[in-house]
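Following: one structure in C-alpha coordinates, then a few remarks.
Labels A, B, C and D are assigned to the chains in the order they are written; within every chain, residues are numbered from 1.
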(Lines give C-alpha, C1' and ligand atoms only; values in the text may rest on other atoms or scores of the structure.)
Protein backbone atom coordinates (compact mmCIF):
# COMPACT_ATOMS: atom_id res chain seq x y z
CA UNK A 1 0.00 0.00 0.00
CA UNK A 2 1.56 3.21 -1.17
CA UNK A 3 0.72 5.58 1.59
CA UNK A 4 0.75 3.16 4.43
CA UNK A 5 2.01 4.63 7.61
CA UNK A 6 4.44 2.57 9.61
CA UNK A 7 3.49 2.79 13.27
CA UNK A 8 6.31 1.63 15.47
CA UNK A 9 7.96 2.11 18.82
CA UNK A 10 11.46 1.35 19.97
CA UNK A 11 11.25 0.42 23.63
CA UNK A 12 14.34 -0.12 25.81
CA UNK A 13 14.11 -3.18 28.03
CA UNK A 14 15.98 -4.05 31.15
CA UNK A 15 16.86 -7.66 31.78
CA UNK A 16 16.01 -8.58 35.34
CA UNK A 17 18.06 -11.06 37.30
CA UNK A 18 14.99 -13.22 37.91
CA UNK A 19 14.35 -13.48 34.17
CA UNK A 20 17.63 -15.29 33.57
CA UNK A 21 17.83 -19.07 33.79
CA UNK A 22 20.57 -21.36 35.02
CA UNK A 23 22.34 -21.10 31.66
CA UNK A 24 22.80 -17.38 32.39
CA UNK A 25 20.47 -16.33 29.58
CA UNK A 26 16.92 -15.01 29.58
CA UNK A 27 14.51 -17.93 29.93
CA UNK A 28 12.72 -18.29 26.59
CA UNK A 29 9.25 -17.85 28.09
CA UNK A 30 10.17 -14.48 29.57
CA UNK A 31 10.46 -12.79 26.17
CA UNK A 32 6.66 -12.66 26.19
CA UNK A 33 7.09 -10.08 28.96
CA UNK A 34 9.28 -7.89 26.78
CA UNK A 35 6.83 -8.05 23.90
CA UNK A 36 4.07 -7.00 26.26
CA UNK A 37 6.21 -4.10 27.47
CA UNK A 38 6.50 -3.05 23.83
CA UNK A 39 2.76 -3.35 23.21
CA UNK A 40 2.12 -1.15 26.22
CA UNK A 41 4.59 1.43 25.00
CA UNK A 42 2.92 1.28 21.60
CA UNK A 43 -0.50 1.77 23.18
CA UNK A 44 0.76 4.74 25.17
CA UNK A 45 2.32 6.40 22.11
CA UNK A 46 -0.58 5.84 19.72
CA UNK A 47 -3.56 5.92 22.08
CA UNK A 48 -4.41 2.23 22.14
CA UNK A 49 -4.09 1.40 25.82
CA UNK A 50 -5.59 -1.73 27.36
CA UNK A 51 -7.48 0.28 29.94
CA UNK A 52 -8.97 2.58 27.29
CA UNK A 53 -10.11 -0.41 25.23
CA UNK A 54 -11.53 -1.99 28.36
CA UNK A 55 -13.53 1.18 28.97
CA UNK A 56 -14.77 0.87 25.39
CA UNK A 57 -16.05 -2.59 26.29
CA UNK A 58 -13.34 -4.91 25.00
CA UNK A 59 -10.28 -6.84 25.92
CA UNK A 60 -7.81 -8.17 23.42
CA UNK A 61 -6.44 -11.63 24.20
CA UNK A 62 -3.44 -12.94 22.33
CA UNK A 63 -4.52 -15.76 20.00
CA UNK A 64 -1.19 -16.35 18.33
CA UNK A 65 2.39 -15.85 19.44
CA UNK A 66 5.47 -16.85 17.48
CA UNK A 67 9.01 -16.39 18.66
CA UNK A 68 12.32 -17.13 16.95
CA UNK A 69 15.38 -17.04 19.12
CA UNK A 70 18.54 -16.20 17.22
CA UNK A 71 20.93 -15.17 19.96
CA UNK A 72 20.49 -15.30 23.70
CA UNK A 73 20.11 -12.25 25.89
CA UNK A 74 22.50 -12.37 28.80
CA UNK A 75 22.08 -10.74 32.20
CA UNK A 76 23.75 -7.34 32.17
CA UNK A 77 23.12 -6.69 28.48
CA UNK A 78 20.98 -3.84 27.28
CA UNK A 79 18.41 -4.40 24.59
CA UNK A 80 15.40 -2.82 22.96
CA UNK A 81 12.19 -4.06 21.41
CA UNK A 82 11.23 -2.65 18.03
CA UNK A 83 7.50 -3.18 17.59
CA UNK A 84 5.70 -2.57 14.30
CA UNK A 85 1.95 -2.50 13.78
CA UNK A 86 0.80 -4.64 10.84
CA UNK A 87 -2.45 -3.36 9.33
CA UNK A 88 -4.99 -6.04 8.41
CA UNK A 89 -8.61 -6.09 7.36
CA UNK A 90 -9.81 -8.50 9.99
CA UNK A 91 -10.84 -7.46 13.50
CA UNK A 92 -7.38 -8.15 14.79
CA UNK A 93 -4.35 -6.36 16.19
CA UNK A 94 -1.18 -7.70 14.63
CA UNK A 95 2.38 -6.83 15.61
CA UNK A 96 5.86 -7.85 14.56
CA UNK A 97 8.76 -7.46 16.93
CA UNK A 98 12.52 -7.41 16.94
CA UNK A 99 14.44 -7.64 20.16
CA UNK A 100 17.82 -6.23 19.32
CA UNK A 101 20.99 -4.51 20.41
CA UNK A 102 20.37 -0.76 20.80
CA UNK A 103 23.70 0.13 19.14
CA UNK A 104 24.42 -2.49 16.51
CA UNK A 105 20.76 -3.43 15.89
CA UNK A 106 21.84 -7.09 15.95
CA UNK A 107 18.61 -9.06 16.29
CA UNK A 108 18.34 -11.50 19.20
CA UNK A 109 14.72 -12.53 18.88
CA UNK A 110 11.90 -11.93 16.42
CA UNK A 111 8.28 -12.13 17.39
CA UNK A 112 4.81 -12.00 15.92
CA UNK A 113 1.53 -11.67 17.79
CA UNK A 114 -2.14 -11.61 16.87
CA UNK A 115 -4.84 -10.29 19.17
CA UNK A 116 -8.61 -10.40 18.77
CA UNK A 117 -11.37 -8.43 20.40
CA UNK A 118 -13.56 -9.97 23.08
CA UNK A 119 -16.65 -8.39 24.55
CA UNK A 120 -15.74 -7.69 28.16
CA UNK A 121 -19.19 -8.64 29.41
CA UNK A 122 -20.08 -11.68 27.36
CA UNK A 123 -16.48 -12.87 26.84
CA UNK A 124 -17.50 -13.59 23.24
CA UNK A 125 -15.26 -13.08 20.25
CA UNK A 126 -16.09 -9.91 18.30
CA UNK A 127 -16.03 -10.62 14.57
CA UNK A 128 -16.31 -7.06 13.29
CA UNK A 129 -13.87 -4.34 14.26
CA UNK A 130 -15.22 -2.23 17.09
CA UNK A 131 -16.02 1.34 16.11
CA UNK A 132 -13.30 2.80 18.27
CA UNK A 133 -10.75 0.62 16.49
CA UNK A 134 -11.95 1.66 13.03
CA UNK A 135 -11.66 5.29 14.07
CA UNK A 136 -8.23 4.64 15.50
CA UNK A 137 -7.14 3.10 12.20
CA UNK A 138 -8.47 6.07 10.25
CA UNK A 139 -6.78 8.51 12.57
CA UNK A 140 -3.42 6.89 11.96
CA UNK A 141 -4.17 6.10 8.30
CA UNK A 142 -3.57 2.40 8.70
CA UNK A 143 -6.97 1.27 7.46
CA UNK A 144 -6.73 -1.01 4.41
CA UNK B 1 -3.67 -24.71 74.18
CA UNK B 2 -4.29 -28.21 75.30
CA UNK B 3 -6.84 -29.49 72.89
CA UNK B 4 -5.77 -27.52 69.90
CA UNK B 5 -5.95 -29.40 66.66
CA UNK B 6 -2.99 -29.08 64.38
CA UNK B 7 -4.21 -28.62 60.83
CA UNK B 8 -1.44 -29.26 58.35
CA UNK B 9 -0.68 -30.51 54.90
CA UNK B 10 2.51 -31.87 53.42
CA UNK B 11 2.55 -30.90 49.77
CA UNK B 12 5.19 -32.17 47.34
CA UNK B 13 6.58 -29.48 45.04
CA UNK B 14 8.31 -29.78 41.73
CA UNK B 15 11.05 -27.31 40.93
CA UNK B 16 10.58 -25.98 37.43
CA UNK B 17 13.51 -25.08 35.23
CA UNK B 18 12.19 -21.53 34.83
CA UNK B 19 12.15 -21.04 38.60
CA UNK B 20 15.92 -21.46 38.86
CA UNK B 21 18.24 -18.49 38.51
CA UNK B 22 21.67 -18.16 36.98
CA UNK B 23 23.26 -19.48 40.19
CA UNK B 24 21.43 -22.78 39.53
CA UNK B 25 19.17 -22.36 42.57
CA UNK B 26 15.54 -21.40 42.92
CA UNK B 27 15.22 -17.62 42.67
CA UNK B 28 14.28 -16.38 46.14
CA UNK B 29 11.07 -14.71 44.99
CA UNK B 30 9.74 -17.95 43.53
CA UNK B 31 9.29 -19.57 46.94
CA UNK B 32 6.12 -17.50 47.25
CA UNK B 33 4.75 -19.78 44.51
CA UNK B 34 5.46 -22.89 46.57
CA UNK B 35 3.80 -21.42 49.64
CA UNK B 36 0.75 -20.63 47.56
CA UNK B 37 0.71 -24.20 46.25
CA UNK B 38 0.66 -25.32 49.87
CA UNK B 39 -2.14 -22.94 50.81
CA UNK B 40 -4.20 -24.28 47.94
CA UNK B 41 -3.56 -27.86 49.01
CA UNK B 42 -4.54 -26.85 52.53
CA UNK B 43 -7.73 -25.26 51.27
CA UNK B 44 -8.59 -28.36 49.26
CA UNK B 45 -8.02 -30.67 52.22
CA UNK B 46 -9.84 -28.61 54.83
CA UNK B 47 -12.52 -26.93 52.74
CA UNK B 48 -11.09 -23.41 52.66
CA UNK B 49 -10.66 -22.82 48.92
CA UNK B 50 -10.21 -19.35 47.43
CA UNK B 51 -13.13 -19.86 45.07
CA UNK B 52 -15.44 -20.95 47.88
CA UNK B 53 -14.46 -17.89 49.96
CA UNK B 54 -14.97 -15.71 46.91
CA UNK B 55 -18.46 -17.13 46.57
CA UNK B 56 -18.99 -16.24 50.22
CA UNK B 57 -18.13 -12.66 49.34
CA UNK B 58 -14.48 -12.37 50.33
CA UNK B 59 -10.96 -12.54 49.10
CA UNK B 60 -7.96 -12.92 51.35
CA UNK B 61 -4.94 -10.86 50.36
CA UNK B 62 -1.57 -11.54 51.93
CA UNK B 63 -0.63 -8.70 54.26
CA UNK B 64 2.57 -10.18 55.62
CA UNK B 65 5.08 -12.62 54.22
CA UNK B 66 8.33 -13.64 55.88
CA UNK B 67 10.86 -16.01 54.42
CA UNK B 68 14.10 -17.36 55.83
CA UNK B 69 16.37 -19.13 53.40
CA UNK B 70 18.62 -21.69 55.04
CA UNK B 71 19.72 -23.83 52.13
CA UNK B 72 19.10 -23.37 48.45
CA UNK B 73 16.83 -25.59 46.39
CA UNK B 74 18.61 -26.79 43.27
CA UNK B 75 17.04 -27.77 39.97
CA UNK B 76 16.42 -31.52 39.95
CA UNK B 77 15.86 -31.78 43.70
CA UNK B 78 12.59 -32.92 45.17
CA UNK B 79 11.06 -31.05 48.06
CA UNK B 80 7.86 -30.66 49.99
CA UNK B 81 6.09 -27.84 51.78
CA UNK B 82 4.79 -28.52 55.27
CA UNK B 83 2.10 -25.96 56.00
CA UNK B 84 0.58 -25.50 59.46
CA UNK B 85 -2.48 -23.42 60.30
CA UNK B 86 -1.91 -21.08 63.24
CA UNK B 87 -5.16 -20.30 65.08
CA UNK B 88 -5.61 -16.67 66.12
CA UNK B 89 -8.43 -14.58 67.47
CA UNK B 90 -8.26 -11.84 64.88
CA UNK B 91 -10.00 -12.00 61.51
CA UNK B 92 -6.87 -13.40 59.92
CA UNK B 93 -5.58 -16.57 58.31
CA UNK B 94 -2.09 -17.34 59.56
CA UNK B 95 0.21 -20.07 58.31
CA UNK B 96 3.71 -21.29 59.04
CA UNK B 97 5.66 -23.20 56.44
CA UNK B 98 8.68 -25.39 56.10
CA UNK B 99 10.09 -26.23 52.71
CA UNK B 100 12.10 -29.36 53.30
CA UNK B 101 13.58 -32.56 51.99
CA UNK B 102 10.88 -35.25 51.79
CA UNK B 103 13.21 -37.94 53.18
CA UNK B 104 15.56 -36.29 55.63
CA UNK B 105 13.18 -33.42 56.55
CA UNK B 106 16.15 -31.06 56.28
CA UNK B 107 14.64 -27.58 56.17
CA UNK B 108 15.57 -25.36 53.23
CA UNK B 109 13.25 -22.45 53.83
CA UNK B 110 10.83 -21.38 56.54
CA UNK B 111 7.90 -19.10 55.89
CA UNK B 112 5.13 -17.25 57.64
CA UNK B 113 2.12 -15.59 56.08
CA UNK B 114 -0.82 -13.53 57.29
CA UNK B 115 -3.97 -13.00 55.28
CA UNK B 116 -6.92 -10.74 55.98
CA UNK B 117 -10.46 -10.73 54.65
CA UNK B 118 -11.59 -8.15 52.12
CA UNK B 119 -15.13 -7.63 50.94
CA UNK B 120 -15.09 -8.62 47.31
CA UNK B 121 -17.46 -5.83 46.31
CA UNK B 122 -16.25 -2.90 48.37
CA UNK B 123 -12.59 -3.99 48.55
CA UNK B 124 -12.72 -2.91 52.19
CA UNK B 125 -10.93 -4.70 54.99
CA UNK B 126 -13.26 -6.85 57.11
CA UNK B 127 -12.50 -6.40 60.78
CA UNK B 128 -14.65 -9.20 62.19
CA UNK B 129 -14.32 -12.80 61.10
CA UNK B 130 -16.87 -13.67 58.44
CA UNK B 131 -19.51 -16.16 59.58
CA UNK B 132 -18.31 -18.87 57.25
CA UNK B 133 -14.82 -18.58 58.74
CA UNK B 134 -16.10 -18.83 62.31
CA UNK B 135 -18.04 -21.95 61.36
CA UNK B 136 -15.00 -23.34 59.64
CA UNK B 137 -12.93 -22.80 62.79
CA UNK B 138 -15.55 -24.51 64.93
CA UNK B 139 -15.78 -27.43 62.56
CA UNK B 140 -12.06 -28.05 62.84
CA UNK B 141 -11.91 -27.06 66.50
CA UNK B 142 -9.31 -24.37 65.95
CA UNK B 143 -11.32 -21.51 67.45
CA UNK B 144 -9.56 -19.87 70.37
CA UNK C 1 6.62 -43.01 7.70
CA UNK C 2 5.11 -46.42 8.15
CA UNK C 3 6.85 -47.75 11.16
CA UNK C 4 7.39 -44.53 12.95
CA UNK C 5 6.94 -44.74 16.66
CA UNK C 6 4.88 -42.02 18.25
CA UNK C 7 6.60 -40.92 21.43
CA UNK C 8 4.24 -38.93 23.60
CA UNK C 9 3.35 -38.06 27.16
CA UNK C 10 0.12 -36.79 28.64
CA UNK C 11 1.04 -34.58 31.56
CA UNK C 12 -1.54 -33.14 33.97
CA UNK C 13 -0.98 -29.49 34.80
CA UNK C 14 -2.18 -27.47 37.70
CA UNK C 15 -3.06 -23.84 37.11
CA UNK C 16 -1.55 -21.72 39.82
CA UNK C 17 -3.23 -18.60 41.10
CA UNK C 18 -0.19 -16.51 40.21
CA UNK C 19 -0.35 -17.64 36.59
CA UNK C 20 -3.75 -16.06 36.06
CA UNK C 21 -4.07 -12.45 34.89
CA UNK C 22 -6.59 -9.76 35.72
CA UNK C 23 -9.01 -11.19 33.13
CA UNK C 24 -9.15 -14.35 35.28
CA UNK C 25 -7.41 -16.46 32.64
CA UNK C 26 -3.90 -17.82 32.39
CA UNK C 27 -1.58 -15.08 31.14
CA UNK C 28 -0.54 -16.04 27.61
CA UNK C 29 3.17 -16.06 28.39
CA UNK C 30 2.72 -18.59 31.17
CA UNK C 31 1.81 -21.40 28.79
CA UNK C 32 5.53 -21.68 28.08
CA UNK C 33 5.79 -23.04 31.63
CA UNK C 34 3.28 -25.79 30.92
CA UNK C 35 5.08 -26.79 27.73
CA UNK C 36 8.31 -27.00 29.70
CA UNK C 37 6.58 -29.15 32.31
CA UNK C 38 5.58 -31.47 29.47
CA UNK C 39 9.09 -31.58 28.02
CA UNK C 40 10.45 -32.52 31.43
CA UNK C 41 7.86 -35.28 31.81
CA UNK C 42 8.81 -36.46 28.31
CA UNK C 43 12.48 -36.47 29.23
CA UNK C 44 11.79 -38.43 32.40
CA UNK C 45 9.71 -41.05 30.56
CA UNK C 46 12.03 -41.52 27.59
CA UNK C 47 15.43 -40.85 29.15
CA UNK C 48 16.14 -37.44 27.65
CA UNK C 49 16.53 -35.28 30.75
CA UNK C 50 18.19 -31.85 30.66
CA UNK C 51 20.66 -32.85 33.36
CA UNK C 52 21.66 -36.02 31.50
CA UNK C 53 22.23 -34.04 28.31
CA UNK C 54 24.21 -31.47 30.26
CA UNK C 55 26.41 -34.27 31.58
CA UNK C 56 26.88 -35.36 27.96
CA UNK C 57 28.18 -31.86 27.25
CA UNK C 58 25.18 -30.08 25.78
CA UNK C 59 22.28 -27.84 26.51
CA UNK C 60 19.28 -27.43 24.24
CA UNK C 61 17.97 -23.89 23.94
CA UNK C 62 14.60 -23.23 22.39
CA UNK C 63 15.06 -21.54 19.01
CA UNK C 64 11.44 -21.49 17.96
CA UNK C 65 8.18 -21.39 19.89
CA UNK C 66 4.72 -21.08 18.38
CA UNK C 67 1.52 -20.91 20.35
CA UNK C 68 -2.08 -20.73 19.20
CA UNK C 69 -4.64 -19.87 21.84
CA UNK C 70 -8.10 -21.23 21.08
CA UNK C 71 -9.81 -21.06 24.45
CA UNK C 72 -8.61 -19.59 27.70
CA UNK C 73 -7.65 -21.63 30.73
CA UNK C 74 -9.38 -20.35 33.83
CA UNK C 75 -8.20 -20.62 37.43
CA UNK C 76 -9.70 -23.71 39.01
CA UNK C 77 -9.83 -25.70 35.77
CA UNK C 78 -7.88 -28.89 35.29
CA UNK C 79 -5.95 -29.46 32.12
CA UNK C 80 -3.29 -31.66 30.61
CA UNK C 81 -0.51 -31.22 28.07
CA UNK C 82 -0.22 -33.81 25.34
CA UNK C 83 3.33 -33.63 23.98
CA UNK C 84 4.43 -35.49 20.84
CA UNK C 85 7.99 -35.89 19.63
CA UNK C 86 8.41 -35.04 15.95
CA UNK C 87 11.34 -36.91 14.38
CA UNK C 88 13.53 -34.88 12.03
CA UNK C 89 16.86 -35.38 10.33
CA UNK C 90 18.47 -32.20 11.57
CA UNK C 91 20.27 -31.90 14.90
CA UNK C 92 17.09 -30.64 16.54
CA UNK C 93 14.49 -31.66 19.09
CA UNK C 94 11.01 -30.87 17.83
CA UNK C 95 7.77 -31.18 19.77
CA UNK C 96 4.11 -30.50 19.15
CA UNK C 97 1.77 -29.86 22.04
CA UNK C 98 -1.90 -29.74 22.84
CA UNK C 99 -3.12 -28.25 26.09
CA UNK C 100 -6.55 -29.75 26.53
CA UNK C 101 -9.35 -30.81 28.81
CA UNK C 102 -8.50 -34.16 30.43
CA UNK C 103 -12.04 -35.47 29.94
CA UNK C 104 -13.41 -33.99 26.75
CA UNK C 105 -10.01 -33.49 25.07
CA UNK C 106 -11.21 -30.02 24.01
CA UNK C 107 -8.06 -28.20 22.91
CA UNK C 108 -7.29 -24.87 24.58
CA UNK C 109 -3.85 -24.18 23.16
CA UNK C 110 -1.58 -25.77 20.57
CA UNK C 111 2.15 -25.38 20.64
CA UNK C 112 5.26 -26.17 18.64
CA UNK C 113 8.86 -25.92 19.77
CA UNK C 114 12.26 -26.46 18.21
CA UNK C 115 15.44 -26.93 20.23
CA UNK C 116 19.03 -27.12 19.04
CA UNK C 117 22.16 -28.45 20.69
CA UNK C 118 24.78 -26.13 22.10
CA UNK C 119 28.18 -27.15 23.38
CA UNK C 120 28.05 -26.42 27.10
CA UNK C 121 31.63 -25.22 27.19
CA UNK C 122 31.97 -23.20 24.01
CA UNK C 123 28.31 -22.14 23.81
CA UNK C 124 28.53 -22.85 20.08
CA UNK C 125 25.73 -24.37 18.02
CA UNK C 126 26.29 -28.05 17.26
CA UNK C 127 25.43 -28.77 13.64
CA UNK C 128 25.55 -32.56 13.75
CA UNK C 129 23.49 -34.62 16.13
CA UNK C 130 25.47 -35.58 19.22
CA UNK C 131 26.23 -39.29 19.50
CA UNK C 132 24.05 -39.73 22.54
CA UNK C 133 21.11 -38.26 20.64
CA UNK C 134 21.62 -40.58 17.64
CA UNK C 135 21.70 -43.55 19.99
CA UNK C 136 18.61 -42.28 21.74
CA UNK C 137 16.77 -42.02 18.41
CA UNK C 138 17.80 -45.55 17.46
CA UNK C 139 16.73 -46.91 20.80
CA UNK C 140 13.23 -45.48 20.35
CA UNK C 141 13.20 -46.12 16.59
CA UNK C 142 12.55 -42.51 15.72
CA UNK C 143 15.57 -42.05 13.45
CA UNK C 144 14.63 -41.09 9.91
CA UNK D 1 25.14 6.89 64.73
CA UNK D 2 25.97 10.51 64.33
CA UNK D 3 27.89 10.64 61.13
CA UNK D 4 26.27 7.77 59.42
CA UNK D 5 25.68 8.28 55.76
CA UNK D 6 22.31 7.28 54.44
CA UNK D 7 22.77 5.47 51.16
CA UNK D 8 19.53 5.26 49.27
CA UNK D 9 18.00 5.17 45.84
CA UNK D 10 14.51 6.02 44.68
CA UNK D 11 13.73 3.78 41.76
CA UNK D 12 10.60 4.14 39.62
CA UNK D 13 8.88 0.86 38.86
CA UNK D 14 6.49 -0.02 36.13
CA UNK D 15 3.73 -2.49 36.90
CA UNK D 16 3.50 -5.02 34.13
CA UNK D 17 0.20 -6.54 33.08
CA UNK D 18 1.56 -10.03 33.76
CA UNK D 19 2.41 -9.10 37.35
CA UNK D 20 -1.23 -8.47 38.22
CA UNK D 21 -3.47 -11.26 39.49
CA UNK D 22 -7.13 -11.99 38.95
CA UNK D 23 -8.05 -9.49 41.68
CA UNK D 24 -6.52 -6.76 39.49
CA UNK D 25 -3.67 -6.13 41.91
CA UNK D 26 0.00 -7.03 41.83
CA UNK D 27 0.40 -10.65 42.96
CA UNK D 28 2.12 -10.55 46.35
CA UNK D 29 5.08 -12.66 45.24
CA UNK D 30 5.92 -10.26 42.44
CA UNK D 31 7.01 -7.51 44.82
CA UNK D 32 10.25 -9.43 45.21
CA UNK D 33 10.93 -8.39 41.62
CA UNK D 34 10.55 -4.71 42.45
CA UNK D 35 12.87 -5.01 45.44
CA UNK D 36 15.44 -6.65 43.21
CA UNK D 37 15.06 -3.82 40.70
CA UNK D 38 15.83 -1.44 43.54
CA UNK D 39 18.86 -3.42 44.68
CA UNK D 40 20.20 -3.33 41.15
CA UNK D 41 19.66 0.42 40.92
CA UNK D 42 21.41 0.74 44.26
CA UNK D 43 24.32 -1.34 43.03
CA UNK D 44 24.60 0.74 39.89
CA UNK D 45 24.60 4.02 41.81
CA UNK D 46 27.01 3.00 44.56
CA UNK D 47 29.25 0.54 42.73
CA UNK D 48 27.98 -2.69 44.26
CA UNK D 49 26.79 -4.60 41.21
CA UNK D 50 26.18 -8.36 41.26
CA UNK D 51 28.53 -8.88 38.32
CA UNK D 52 31.32 -6.93 40.00
CA UNK D 53 30.93 -8.94 43.19
CA UNK D 54 30.88 -12.12 41.14
CA UNK D 55 34.17 -11.09 39.56
CA UNK D 56 35.48 -10.56 43.09
CA UNK D 57 34.59 -14.19 43.81
CA UNK D 58 31.24 -13.95 45.57
CA UNK D 59 27.55 -14.08 45.15
CA UNK D 60 25.07 -12.75 47.67
CA UNK D 61 21.99 -14.89 48.19
CA UNK D 62 19.01 -13.52 50.04
CA UNK D 63 18.70 -15.27 53.41
CA UNK D 64 15.81 -13.27 54.76
CA UNK D 65 12.96 -11.42 53.13
CA UNK D 66 10.09 -9.73 54.93
CA UNK D 67 7.22 -7.97 53.25
CA UNK D 68 4.29 -6.07 54.71
CA UNK D 69 1.50 -5.22 52.33
CA UNK D 70 -0.46 -2.13 53.34
CA UNK D 71 -2.26 -1.19 50.15
CA UNK D 72 -2.41 -3.02 46.86
CA UNK D 73 -0.72 -1.81 43.69
CA UNK D 74 -3.14 -1.78 40.78
CA UNK D 75 -2.34 -2.15 37.11
CA UNK D 76 -1.90 1.29 35.57
CA UNK D 77 -0.58 2.90 38.75
CA UNK D 78 2.88 4.36 38.97
CA UNK D 79 5.06 3.63 41.94
CA UNK D 80 8.62 3.85 43.16
CA UNK D 81 10.84 1.83 45.46
CA UNK D 82 12.82 3.70 48.07
CA UNK D 83 15.71 1.47 49.13
CA UNK D 84 17.94 2.28 52.11
CA UNK D 85 21.19 0.52 52.99
CA UNK D 86 21.35 -0.51 56.65
CA UNK D 87 24.94 -0.71 57.90
CA UNK D 88 25.75 -3.69 60.11
CA UNK D 89 28.88 -5.25 61.51
CA UNK D 90 28.25 -8.76 60.22
CA UNK D 91 29.24 -9.92 56.76
CA UNK D 92 25.82 -9.07 55.45
CA UNK D 93 24.08 -6.70 53.10
CA UNK D 94 20.90 -5.37 54.67
CA UNK D 95 18.27 -3.20 53.01
CA UNK D 96 14.95 -1.67 53.96
CA UNK D 97 12.43 -0.76 51.30
CA UNK D 98 9.32 1.28 50.82
CA UNK D 99 7.18 0.86 47.76
CA UNK D 100 5.22 4.06 47.55
CA UNK D 101 3.36 6.60 45.49
CA UNK D 102 5.85 8.91 43.73
CA UNK D 103 3.77 12.00 44.47
CA UNK D 104 2.07 11.50 47.79
CA UNK D 105 4.70 9.09 49.18
CA UNK D 106 1.83 6.90 50.45
CA UNK D 107 3.43 3.58 51.32
CA UNK D 108 1.98 0.46 49.69
CA UNK D 109 4.50 -2.11 50.82
CA UNK D 110 7.48 -2.20 53.16
CA UNK D 111 10.29 -4.68 52.81
CA UNK D 112 13.44 -5.86 54.50
CA UNK D 113 16.13 -8.11 53.07
CA UNK D 114 19.33 -9.68 54.31
CA UNK D 115 22.01 -11.07 52.02
CA UNK D 116 25.13 -13.01 52.88
CA UNK D 117 28.31 -13.68 50.94
CA UNK D 118 28.97 -17.05 49.37
CA UNK D 119 32.21 -18.13 47.76
CA UNK D 120 31.35 -18.56 44.10
CA UNK D 121 33.58 -21.60 43.74
CA UNK D 122 32.95 -23.54 46.94
CA UNK D 123 29.38 -22.29 47.49
CA UNK D 124 30.31 -21.94 51.15
CA UNK D 125 29.09 -19.15 53.39
CA UNK D 126 31.72 -16.48 53.99
CA UNK D 127 31.76 -15.49 57.66
CA UNK D 128 34.03 -12.48 57.42
CA UNK D 129 33.34 -9.53 55.17
CA UNK D 130 35.25 -9.81 51.90
CA UNK D 131 37.96 -7.19 51.45
CA UNK D 132 36.19 -5.50 48.58
CA UNK D 133 33.11 -5.05 50.79
CA UNK D 134 35.10 -3.56 53.64
CA UNK D 135 36.68 -1.10 51.21
CA UNK D 136 33.29 -0.31 49.78
CA UNK D 137 31.95 0.44 53.26
CA UNK D 138 34.89 2.70 54.01
CA UNK D 139 34.50 4.51 50.73
CA UNK D 140 30.90 5.36 51.53
CA UNK D 141 31.57 5.81 55.26
CA UNK D 142 29.02 3.22 56.30
CA UNK D 143 31.41 1.03 58.30
CA UNK D 144 30.42 0.71 61.94
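In the analysis below, a contact is a pair of C-beta atoms (placed from the backbone, for glycine too) under 8 Å apart; a residue touches a chain by one contact, two chains touch by 3 or more.
None of the values given here were measured: they were computed from a predicted structure.
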* Asked: Based on CA centres, what chain would you say lies at the far end from chain A?
  -> B
* Asked: Comparing B-D against B-C, which pair counts more contacting C-beta pairs?
  -> B-D
* To do: Mind checking the centre-to-centre distance between chain C and chain D? Centres are C-alpha means, answer in whole Å.
  => 36
* Any idea how many Å lie between the Cα centroids of chain B and chain C? -> 31
* Asked: Approximately how many whole Å separate the CA-defined centres of chain B and chain D?
  -> 25
* Which positions in chain B touch two or more other chains at once? -> 17-18, 23, 29-30, 32-33, 36, 75
* Asked: Which residues of chain D touch chain B in the complex?
  -> 23, 25, 28-30, 32-33, 36, 59, 61-70, 72
* Asked: In the complex of these two chains, what residues of chain D are touching chain A?
  -> 14, 16-18, 32-33, 36-37, 40, 50-51, 75-76
* Any idea which chain D residues touch chain C in the complex? -> 17-18, 20-24, 27, 29-30, 75
